[in-house]
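Presented sequentially are two complexes of chain A, the first with chain B as partner and the second with chain C.
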Partner chain A sequence: MTVREGKIDSFALVEVTGRVNSENSETLKDFLQELGKREQQVLIDCSALEYISSSGLGALLMLLKLIQNKGGILRLFSLSPRIAEVFEISGFDKFFPIFSSLEAARRADT
Partner chain B sequence: MGIEKQGQNSEVQKLRDDNQQLSRENLRLQRAVEELGILNEIATAINSTLAVEKILDLITQRCVHHLGAEQGAVLLLEEQKAAKPFQTICRVGDTSHQRLPFRLDDQLTGWMLKHRAPLLINDLCTDQRFATGVGDLFPVRSLLCAPMVCKGRMTGLLVVFNKKTETGFSVDDQRLLAIIASESGQVIDNARLVEKENTLLLMQEEMRLAQEMQSNLLPKEPPRLPGYNIAGKSIPAKEVGGDYFDFLKLDGRRLAFCLGDVSGKGLPAALLMANLQAAIRGQALAGTSLTSCLERANSLLYRNTSPEKFATLFFGCLDTEGHVLHYCNAGHNHPFLIGKETEPLRLSAGGLALGCFESFPFEESQVQMKPGDQLVVFSDGISEAVNDRDEEFGEERVSDLAATNQDASAAELIEKILQDVGRHAAGRAQHDDMTLVVIKRLT
Partner chain C sequence: MKVNESVEVKLPNSLSALEPLHTVVGQFCRRRAIHPDTEFKIDLALEEIFTNIVRHGYDDSHPHEIMIRLRSNRDRIRISVEDDGRHFNPLLAPVLDVTVALSERSVGGLGIHLVRHLMDQVRYQRRTNGNRLILIKRLRKEEKRT
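On to the complex of A and B.
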């Protein structure tokens, strides 16, 4: 798993790649916790995310709560069919705003 | 005459000198015997115990007593703590002062770390090196401090304060304290290792007990219901896990059952799992509907856990007379209902994983179980078990195994799936808890 952070418009752009499993999900959680405290608008690029365990989903859930509590924006985009399925099964697709591409996620409210 | 007297005088003088020298030698030997006595006393006392606290107390007590000091202390070096490297482990007083110094000034510990040599100060107020004073809430006039060393590594400090006599601490005192400190280093180090090992053993034992308790929470025997064959099994990735399954006979014909997966693994997941199981059991036995059961468990989990924790749960209730399976799936991998001639059905209706949001409506659904139908409920530890090339076992293989082993009993099918997962993930450590529940309708 790797996590990279950049900037696009007013959004913090985070790319999570590889496999997020129970061994490395704590690292992701720490990163997202710190990010959620300082950022208001976050886009997450899932195009190179191969696998996410339940503890990884938990880290994203925590970020969503941090961002929503201060009225911010969190959007995920470019989920592979496998990852989309994981979101669908757990019901996470019902409350995570998910977009097909970076462009769609950026322009969602315009 | 004069010469003779002179000769006698020098003879007397020589005798006197010899006598003095003998006295000095005698005193020196007496001191050496005393010192050896003290060292022997400490060694004997230390040999009688292995508890670090007791050894430290003993050493400090003997030093305070034999060196005529008001107080003494042992400070152990904690290597991980760079900011405050020394921890005062033991303090002993032989004084009317109510307060004991509980930590030494950083200047002094710093000096000891740097020089690693004994330090003797009989007039602390005028010592330029330690201008700010050494004691904490305790007037220190004089002190003697020696490093404790083990295998060339400094492990702590042995220090005594305030010599009771006017003369202050002597060079002999310093030598004795230095010997005691250097001898103590190895002993204390050994005792600390023994204590660490004991703590580890205790933790292992507690983990074993937790494991035993958790396995006691799982059903020991599958329920027996006419016309059905039922089995369940859970294998945690660590000693304890966050998966669980349960069977609850509600009455003569209805069986409630569930398979849950708490996010994460190990002890935190196990504790949450026990909590969830208690909530579900209590509600189900009280006759609450499936959806209300999950709604309550959801809000309970939401309120009592940190934001990243959640649990997926498949909750079913089988009516063995009408052969109707009512179910509610809270974000869990969709179980398979595999018929003899029909395509496998996925049981997905329900709602969100539990504990994500405070209130969330759940929906219930139902399916008919026909003769020969097999319900296979599994956790993601099965479908997501990976091989060397990070390829997942996959859900389809679970369904395929059930379809090709229609004649196997529920327990046999579970073993077949586990074996196949084992072959797939050969060489890789089990990364998640694996749990299966299989219900087969026979007739």
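On to the complex of A and C.
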């Protein structure tokens, strides 16, 4: 797993790649916790996210609560069909605004 | 492609064994020509079970072994996970309510919820010295790798 952070418009752009499992999810959680404290608007690029288990979903849920509690925006985009199915089974597709592409995510109405 | 295939592996009760477990599942599925979508589900279900055992299964800090067997025939894959931890049937855990509001959601119980939905059957067997969980994944024609 790797996590990279950039900037686009007023959004922090975070790319999570590879496999997020329960061995490395604490690293992701620490990163997202720090990000969630300082950022108001966040886009997460999932195009190269190959795998995520419940512990990685927990890290994303924590970030969503941090961002929503301060009235911010968190959007995910470019989930593979396999990752999208994990979100659906978990019921997370109802919490996370999910978009097909970076363009769709950054231009969505708030 | 071999239709009947089996493999067994003993792994230490450590999350560092997750990558070796992923490798074993990948090799098994490729030899058996299992569709990558099905491989993904098996991989995920096994991680959730394995992690549960590592995190909650033992009352001591001694090293333990977790035995995993994967067996397939033409129609299904059968996975068994055996540990020597304290008796615990994860299938008796309360069913996760995925309809609750965000503020009430946590990830407690999400792992076994995923396992139930990714697999076709999950059975628990209490053993004298531990637990055995059996996971069954049926292979559908459209799921087989061509």
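Assume the second predicted complex is superposed on the first by the 109 of 110 C-alpha atoms of A that agree within 3 Å, B and C clash if a C-alpha of one lies under 4 Å from a C-alpha of the other, contacts with A are read in each partner's own complex, and residues count from 1 in each chain.
Methods note: a contact is a pair of C-beta atoms (placed from the backbone, for glycine too) under 8 Å apart; a residue touches a chain by one contact, two chains touch by 3 or more.
Just so you know, these numbers come straight off a predicted model, no measurement behind them.
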Item to check | Contacts of A:3 with chain B and chain C, given as first, second, both or neither | outcome: neither
Checklist entry - What is the contact status of A:102 with respect to chain B (first) and chain C (second): first, second, both, or neither? => result neither
Checklist entry - Is A:84 contacted by the first partner chain B, the second partner chain C, both or neither? => result neither
Checklist entry - For A:29, is the partner it touches chain B (first), chain C (second), both, or none of the two (neither)? => result first
Item to check | Those residues of chain A which chain B touches in one complex and chain C touches in the other | outcome: 19, 21-23, 51, 53-55, 57-58, 61, 65, 89-91, 95
Item to check | Of chain B, residues touching chain A in the complex | outcome: 261, 263-265, 306-310, 312, 330-334, 348, 351-353, 356-357, 380, 384, 390, 392, 431-432
Checklist entry - Where on chain A is chain C touching in the complex? => result 19, 21-23, 51, 53-55, 57-58, 61, 64-65, 68, 82, 86, 89-91, 95
Item to check | chain A contact footprint on chain C (complex, rising order) | outcome: 15-16, 18-19, 22, 37, 40, 43-44, 47-48, 51, 55, 98-99, 102-103, 105-107, 110-111, 113-114, 117-118
Next on the checklist: Using the touch definition from the top, list the residues of chain A that touch chain B in their complex.
Outcome noted: 19, 21-23, 25, 29, 50-51, 53-55, 57-59, 61-62, 65-66, 89-92, 94-95
